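Following this line, the structures themselves.
You will see two complexes here that share chain A, one where it goes with chain B and one where it goes with chain C.
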Partner chain A sequence: MKEFNWSKYSKPLILVAFVVILSILRPKAFLSLNNFSNVLWSVSVIGIMVCGTIFVFLIGGIDLSIATLCAFTAVVVVEITHLLGDTPVAVCVGVVAALAVGALAGAVHGLIITTFHIPAFLVTFATQSIFLGLAMVLTNNKIVSCTVPAFTAIGAMKILGFPLPVYFMLVMAVISWFILRKTVYGRYVYAVGGNSMASAISGIHVKGVSIGCYVLSGLTTALGGIVLASMTQQASSSTGSGYTNDVITAGVIGGVSLLGGEGTVPGAIFGAVLMGLLNNGLNLMSVPSTHAGLVKGLVIIVAVAFDAMQHADQSKKKARKVKKRGESV
Partner chain B sequence: MMKKAIALMMTTAMLMSMTAGIVSADRREDPAAQTAAAGESSKQRLDPYAGDEIKIAYIAHDIGTPNNQGWKEGIERECGSWSNIKVDSYGAEEKAENQVQIMTDCINQGYNAIILQCSDGTALAPSVRQAEEAGIPVITVNLDCSSDTIHSALVMAVDYDAGRMAAEKMAEQLGEEGDIAIIQGVPGLTRTDNLEQGFRDTIANYPNINIVDAQSASFQKDTAMTVMNSFLQSYENLKGVFAINDAMAEGAALAAESANKKGEICIWGADGEKDALAMIESGDMAGTIYTNSWDEGSTAAKIALLMIGSEYSYTCLTETPKVIMEPIVVTAENVGDIAEEDRW
Partner chain C sequence: MKRLSQTAMRRLISIGMLLVLVALFTILAGFGQGKFFSSANLIEVVRDASVPAIIGVGVTFVIITSGIDLSTGSAMALVGMTMANIYEYTLLPFKVMVLIGILVGLACGLFNGIVIAKLHVPEFIGTLATMSIYRALTYIIAIKDANGVIKSQPMTHSQYVWLGTGVGKFYYVIMAMIVIVLIGQIVLKYTRYGTNLYSVGASRKAATLSGINVEMTQLIAYVITGFTVAVGAVFTTARLQSATTAIGTDFEFNPIAAAVVGGVALSGGSGDVIGTTIGALFMATLENGVRKLDMNTSYQYVIKGIIIIAVVIFDATYKARMDKKAKEQGAKEGLE
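Up next, the complex of A and B:
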């Protein structure tokens, strides 16, 4: 009989365990479609961003400019909407411009990193200041409000009880998953992350693959910025502050290796949803903010340790099988 | 008219409190101690209104917030009429260590006065002392350094009383009964802790109003939306929410609107920024405690120029003079009274 592969299901199991625990502790408040919708809504921006940033992680890169690029693109969409007269068309132009800015920023990152062989950490560390500066200059360092209905609908409109950003997250997750799993480019990304030298020797255009990853990261960051600005109906240089850490944390919790070559989109989304569930649970149980950080840290360690343990067991079993096969040959 | 009256009141209060400090210093019985104290400052008297070149530094905790922008603009307006007075603004990106560094740089560059919003009272106290000893008057805004560090002045919006006023008006709007919740900022900041305490102490006088929960949203609008969603999920009978600042109150109002509860929940903020006033007008928020940040910045600048132009230094003071800004309780009934030019 085939042995049940626990490691494959450890992440969904952790989420189910969370749902069961919170359902027992706060059945009335937690177990409702509305609450699940709230949880998914609260992680949607991080979820959207991690769907693109995972490409950068997979090639062993990093993007420290997520938060400030998010702010910059949020400012771009709001300012362009105002500039063109606050009409629905202006919103569309603003959205396209912000996405273009995100993609361009990613392309610049990729080009600098691959052409001058500067570590991604340093390049994105520098550009985070540039994006922050640009956001400050564009807004004169003020909060710019935008209550144009066509714009606020992006973050507030609901379809079947779920807000639009949740659908954005799901669509982005499916697209990213498809690219990584079902296309040649996706296999190249894993190959470059696993061993870029070997990939280059085997004919993969490493530079092109890498630039593509940064472009995708920039695009999803811009989309996150647009959605966040729409949710809060405003943009400023501090829009999205703290999101760099959140996105990286979601990825790492979801099993994405920052060294490259390892990680999946469902894993990264799991990381984001786990963080959302945790925050939601702490809020619903009225855990005071002075204790919330402590509880959050402990729960994340337990959840990630459980997941890692399952994977370690699976790896050992695989190794044993390989060894047995070797002995029999 | 109201603006002028407030400005006059503040200036009077400032002069009175400073005089009180100076008078009590004059009454010190030990002249030797006085001389020694006076020797600690190397302050030079300059006349800002007679063409002397003046440089003022404004150091904010986070220069991007509406409050900071209001203060900055107030300072610049006050000094803008004189070409010999230059104002430089610095943001510390919410880090006390950055403020300490900027303070050191400003002292070395020989600024004539520093207007500072302290990120951390204890961490900034040595820098404030160092500046005053170097003859640079330091005027703190809203967030002060630790109380034993005497410096030129503190200009602040009311905190405890703002909480009290919000609680009283909110209780009236709720008919003195119902479940309410608080959205907190970052715990540990004197102003916001006092605000919350003022609110809690006053609500305690209404036995039928229960504070059912209090969660932090770290002053962030988007986080406040998530916190508000949890409140709405947990407490079906929630009647009111008090957020420690307006940005969080705006986030709570957006979450309530998204849950089809616009106007059903009595949402209060504090600060009085223009977006909050607009939300009160549209019925999304029930009220806020308004303070004119432009006047607050302008008052800080007035005191800075007064100190630069006077022969007095911090050594003449027995305690830091405080100027407390007039708060206005704003609801749908009187929000129209706040003119566009007073909305920051």
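Up next, the complex of A and C:
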């Protein structure tokens, strides 16, 4: 008899259970079209970022600077737009500059981490402080607002009823899924994450592959920063605070292993959707944001522990099967 | 000439880095009354380093098992707020209040240990989760004024105020640090449990095969961290003479950074408590020195980040050279 494979369906089931619970508890507020697009909004920023940071997780790295790099790039795009006279062209230049800053930051991370073999944890912990300082320098430690129509359109324009950031998220997801699944580079990323020594011996340029991962992470963080600034029509050194934890959590809930080598883009997007729903649900239940951490933390522990237990179960089963086969032979 | 052992060299390097930093700030931020290099300010630095060093003892144990604890800052706030509640709403004596605070710290550590050792949640994500749980609990039990707004709770119990002082300038918190660090170092180097910590960190599989109870070793390390967190929280609230919900915000990276600067490898299996203490002194010197530069806070963040990166790069290059040397030495001896 074929056993029902729980692990395959557990994630969609968690999501469905969540939606059902919220629809029962807050039917009017939760099931409205307006709320639906609210959820998509908050999901999309986490989703955009996790599409790039998943590369860093896959090679066994981590990025603690997500939130402050997000703030720094948001400040860059807004300041440049103001500097060049608030025209649509200025917005374009600002966006390109912010993306360049993100990519550059990623490249610096990658270079330092791979050249000196320093844990990513430490390097990004230090740069987190640097980005925060730079964002404060650029804004003079104030909130800079930006209501240029061409800029606010990035976050607010709707196509076919969905806000633009949702499309950004989908495009980013498809791109990073494609890179990971269909290109040689993607294979290399998994190989380096699985065992970097073995990959180096089999001829993979581990350093180049790793730096590429950090650049991709920087790029999507910058895109997230731009979208966030556009949605809130402002930027400051506290833009995106809390996103480091949300993005890492989204990845881990989606089955990405922080030890590297394990995880998929659809999984990470699932994690982002769950985090977005969780944020939205807690909001609708009027749980104050200071108390929401209790629920969020417990959900993370339960989800990850559930996953870990299944992993352990499966490997036990596998071992038993192998043993049986050995005996019958 | 007798060669120094690698660990002794490592210790000298961290002390050297600390001295270089002190010299650097003495040049940049000046010496004399009210400046960086004055007896009053240097004692202040040691006092600032004490709480991270105390909590660093537990964190070092955890990192040696190749774990990490990101929840120390939030757990500190929870311990502080629990004691504030007892102070405000009950007539329990001071000693009982502190005892309950310590018990809360132990409970936080035990919960971390269960999540990580028994439920097998990865350390980073598990303690990230408990970090938000403890912070939320702190807000939930926070003391509110008549309008329901959270207020900072002053705690001016005479014995509590006493705890924040010392014998002259020799603060009690510094004494507590010295005692706890010494006990930590002895446990680590001269007990069965300390050896087990290193084995678990070096190779979990090998440790299991040689009969060490890996789960229990890990769990106890987290409980010990909970205890040190509680001690840290008692001294922090005694110094502030109040408890707020913001205590320990962004604190969690402090003891970790101290451990790493002091030569504890995040990959586990190496390092010791004395190293972490030197690291804590280094971080406190950095904080204090940058503040004494009389610069805009925004530049302080940038400089702090750059110095940490510089130190870590220096450390990594040095370690790579030593490894290479050791290999060459080994090859030579092999040839002979």
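Brief remarks follow.
In the analysis below, the second predicted complex is superposed on the first by the 275 of 329 C-alpha atoms of A that agree within 3 Å, B and C clash if a C-alpha of one lies under 4 Å from a C-alpha of the other, contacts with A are read in each partner's own complex, and residues count from 1 in each chain.
Keep this in mind: contacts are C-beta pairs under 8 Å (C-beta built on N, C-alpha and C of every residue); 3 or more make two chains touch, one makes a residue touch a chain.
All figures in this text were calculated on a predicted structure; none of them were measured in a lab.
Contact comparison for chain A: of chain B and chain C, C touches the greater number of residues.
After overlaying the two complexes on the shared chain, residue contacts for A:Leu83 are found with neither chain B nor chain C. In the superposition on chain A, A:Leu284 makes contact with chain B only, not with chain C. In the superposition on chain A, A:Gly293 makes contact with chain C only, while chain B stays out of contact range.
Using the contact criterion defined above for the overlaid structures, shared-chain residue A:Met136 touches chain B and also reaches chain C. Within the superposed three-chain model, A:Ala29 lies in touch with chain B and out of touch with chain C [touch as defined at top]. Touch criterion met: A:Ile301 reaches chain C, while chain B stays clear of it.
Touch criterion not met for A:Ala198: it reaches neither chain B nor chain C. Legend: residue contacts after superposition of the two complexes on their common chain; A:Ser238 is shown touching chain B, with no touch to chain C.
Residues 136, 141, 237, 288, 290, 292 of chain A touch chain B in one complex and chain C in the other.
Chain contact summary for the complex, chain B toward chain A: residues 62-66, 69, 91, 184, 187, 213-216, 220-222, 225-227, 229-231, 233-234, 251, 254, 257-259, 275. Residues of chain A that touch chain B in their complex: 26, 29-30, 32, 34-35, 38, 41-42, 45, 136, 141-143, 145, 156, 158, 163, 228, 231-234, 236-238, 241, 279-280, 283-284, 286, 288-290, 292.
On the side of chain A, the complex with chain C involves touching residues 62, 112, 116-119, 121-123, 125-130, 132-134, 136-137, 141, 237, 245, 248-249, 252, 257-259, 288, 290-298, 300-301, 304-305, 308-309, 312. The touching residues of chain C, when paired with chain A in their complex, are 115, 119-122, 124-126, 128-133, 135-137, 139-140, 245, 253, 257, 260, 266-267, 296-306, 308-309, 312-313, 316-317, 320.
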